[in-house]
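The next part holds the structures, each set out as structure tokens.
In what comes next, chain A is part of two complexes: it sits with chain B in the first one and with chain C in the second one.
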Partner chain A sequence: MTDKIQITFRDPAGQENTVSVEPRGTVMEAAVMNNVGGIIAECGGGCSCATCHVYVDPEWFAALPEPDPTESELVEFLEDARPCSRLSCQIQLVPELDGLTVQTPDQQN
Partner chain B sequence: MSAERRHVIVVGAGHGGTAVTALLRQHGYAGRITLLSAESDQPYHRPPLSKPSTVATAATPELLREAEFYEIQNIDLRLGTTVQGFDAKTSSVTLDSGDVLAYDALVLATGARAITLPLPGADSAQVRTLRNLGDARWLNSRLCPGAHLVIVGAGYIGLEVAALARSRGAEVTIVEGSSRALGRSAGSDMAQWLTEYHRSRGTTIILDAVVEGFVEGQNGELAAVRINGEELACDLAVIGVGARARTELAVEAGLLCEGGVVVDDHGRTSARSVYAIGDMTMRPLAPFSGLFRLESIPSATEQARQVVADFLNLPAPAPEIPWFWSDQFDLKLQIAGLPALGQKAVVRGDLGAARFAVYHLDDADHVVAVEAMNSPGDFIAGKRFIADATVVHPDLLGDALIPLKTLMNRAIA
Partner chain C sequence: MTTRTTDARIPDDIAAAAVLPLSYTDEENITYPAFKWLRENNPFGSAHVEGFDPIWLATTHKDIIEIERKPQIFTSGRDEPFVNDTASSAFFTLMRGDARTLDTLAYMDAPEHTKIKNVTSDWFLPASVRKREDEIRALAKDSVERLLAIDGTVDIVKDFTLKYPLRVIMSLFGVPPEDEPLMLALTQELFGTTDPEVQREEVALEPDVAARMFREAIADFFGYFSRLSADRRLNPRDDLSSLIANAKVDGEYLPESFVNGYYIAIATAGHDTTSSTMSGALSAFARFPDQLDLVRSNMALVPSVVEEAVRYVSPVKHFRRIVSEDTQFHDRDLKEGDSVMLLYPSANRDAEVFENPDAFDITRRPNRHLAFGFGPHMCIGQHVAKLEMRILLEELLPKVKKFELEDHGKYVAANFLSGLKTQQMKITKA
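Up next is the complex of A and B:
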């Protein structure tokens, strides 16, 4: 068994919810499995819906692999996109992301 | 009665029903939750049943939640349990075991049933619809080079199954009764483009076809399908001609049904404390007038949010733009709004490069729908145009040299 890592989800009001998960799957899956609010993920990780949008804390943002073009394009046109926006279904969990903190937007779309 | 003593019963553990149970807990509801599923498999994602991504993992479904989720969240998930009926007067549900459960709120989420064809030979074991994991397992184990699959119906499921089958080396023929593909759901430009694309990938598409029946071989196996008086040899057939709302429980209980259980924008049916969501409902769809029967995950989960907000007295969620997606071969199609409401269509982008969007505008040039082919930016931008009832001049919209961002800013200004 691999060591678990901690991912923190912060809601728009600043309330934090930290979950412990195996370092596999995606940030979106960690949220869904732990029933974290604010991430809807209608397309189940298919990079089609953009309802798994999160703001990655700046110190973590640079540590993530680049988004693929589909993700970039979806994010670019979101109304509430910020420079640190990502789709959480496209962020793979690896041991190095222990401590990752993301914030959910006011609304998904 | 204190909130903690209440009992919510959800019938059907598909996308809608499962979402209701998760959202109740997310919002702090601490009462009892019972989730009843006629299926014996752990609740799973339905779209992958017909998507290319299933090729590698046909036997193992993509679960909606991991199995432990229900236990951790204190959701009493009962698989293989069919609800026989309910009584809105006594607020009780009868299970196939004969057990009777009392509820404070009942959520019907029984989905839809694939339509079958009352044709000779259609009861053959090699003729099937695609709705459940069992159907997908059956199909997946039979798709191989040399197999000839006939698909009746050129809707989304038909086209997706065709793409899946071609990628597995099977011969594919689609037979469609009307004069075009996607008659119920897409604009004619997109339907035409997709038809050509599938043909270029080796699928035969026969339009205006009258399917007369299925012909058995000497050993009782499927041998052919009879179309327009001729026999076309095949060894598998998938019927993809749509689905009907599963309203039988609601009809029997006396709820108002019109081709689906009629609900309001809180998911409330005509019976007190009985909600309905998802494919089984006829629902309002602001800002459009009338009732709609949508078959999509975004619609089912939006209604799940409406129901949970209503039940827990939370502010009603903002109305959402209906949308849908479909993956076929390397194509990613995203559709927002209702193309059928458009009066004119504007193509933006490069049809030849399979990267474009068809925007649908009403008389006054408001964007009412967008169909985005491998063009996620157009999908998100289109969704915003629809939500804001943006007026865009068709000539500007159709000029791909003008960036979308410019159009968005101009429209706002």
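Up next is the complex of A and C:
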């Protein structure tokens, strides 16, 4: 068994919810599997619905692999996009991401 | 949407236009005008067409999204996920007996659907499929070279768009090129459509004979892939067959019928759809030459061409859902067991979402079409499709100045997968 890692989801009101997961799958799956609110993931991780949008805390943002152009294109069209926006279904969980913190937007459209 | 108090029943001619396979041979004059009428007058009505069971037609962008958001109520696993005439339904019932026709995603609901989809979902993500770019580009270059080597009039479907997507899929599976003709024959045989011209002879036979022949064709197809899977369990490689053959769900290899269900779904879903989209795009360039000039002067627009081509062609004409419990949708009473036809091409011409929807306009941004569906069943292969189409256009468009139609083209008579089956064209090289 691999060691679990901790991922923290912060809601728009600042409430934090930390989950312990094995380092595989994606941030979106970690949220959905642990009933974290604020992530809808309509397309189930297909990089097409953008309803798994999160803001990655700045100190973590740079640690993530570059987004694929398909993801960037989707993010660009989100009204509430910020420089640290990512689609959580495109962030693969690896041991190095232990402690990752992301914030969910006011709403997923 | 405002509640309309119209009669649920759709006028017979409109219902026939939306449901009958033959209507799709002339979309411009038959299906699209009918869809427009429906969106404006009876966006969620009940179609009664002779030879078919009654069915609800979902025609607006908004409604299709709303339905796909509720997969517990609008299910995929209760029956064939396509609209068949009553005779073909009898054929499928005979063929499958108590079992499901295919153990594949389109026939499944959660939680089974989620588990089986997860086997390949990472492999199909954009960053992952992009790793195949070089492989795919080599196939695209070869296809373009062969096309441009032809002197005079070409059949853009038979000479160009038909083979490329199958070659792409086969290379992703890891099927060696020498087996491609066999795979082409098998997939075409298996999916003899409702079009009398391309139908396998047997389908016109009595249902029991047809069912036996269909089972034999499936057995040939499965035989090939069972051998491929066995090989990949011994010698795993970096291809899609190795992934599917070695996948474990709940600690066990996938049952053979599920492995084969995956192959058959990908081989068939990834083939005609992409081919129709490409031939439709080139025929659109012939009719909207300014759009060709525009992209040729700015090749960064190619991804938008791909999106617009998929919207404009909408090669998947519908999927069907079965209602799992009595429910209300708008002002209609739906009963358990009712069928709903999700008419993607109609959603993609919905004036509430697309300005000037009948125009082929490669500058639409965003282009929120539903040609790949929506929700949990949304096309798993969409990033493969978009990548291979982008690459093909990148290889082709710089070399061509003008496309001209030499005939009216002929479309497949099918209400599920349709598109051009032949189109004569003149190509002027750049």
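Basically, the second predicted complex is superposed on the first by the 109 of 109 C-alpha atoms of A that agree within 3 Å, B and C clash if a C-alpha of one lies under 4 Å from a C-alpha of the other, contacts with A are read in each partner's own complex, and residues count from 1 in each chain.
Here is the rule we go by: a contact is a pair of C-beta atoms (placed from the backbone, for glycine too) under 8 Å apart; a residue touches a chain by one contact, two chains touch by 3 or more.
All figures in this text were calculated on a predicted structure; none of them were measured in a lab.
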Chain B versus chain C as contact partner of A:D68, first or second or both or neither: second
Chain touching more of chain A, residue-wise (chain B, chain C): B
Which of chain B and chain C A:Q90 touches, first, second, both or neither: second
Touching partner for A:F77 - first (chain B), second (chain C), both, neither: both
First (chain B), second (chain C), both or neither touched by A:G37: first
Contacts of A:S48 with chain B and chain C, given as first, second, both or neither: both
Partner chain(s) touched by A:Q107 [first = chain B, second = chain C, both, neither]: first
Chain B/chain C common contact set on chain A: 42-44, 46-49, 70, 73, 77
Chain C-touching residues of chain A, taken from the complex the two chains share: 42-49, 68-71, 73, 77, 90
Residues of chain B touching chain A in the complex: 22, 25-27, 45, 47-48, 62, 65-66, 69, 73, 297-298, 301, 318, 320-321, 323, 325, 327, 332, 334, 375-377, 379-381, 383-384, 404-405, 408
Parts of chain C lying in touch with chain A, wherever the complex brings them together: 69, 114, 117, 121, 124-127, 130, 303, 365-366, 372, 374-376, 378-380, 382-383, 386
List of chain A residues in touch with chain B within their complex: 32-33, 35-37, 40, 42-44, 46-50, 70, 73-74, 76-79, 107, 109
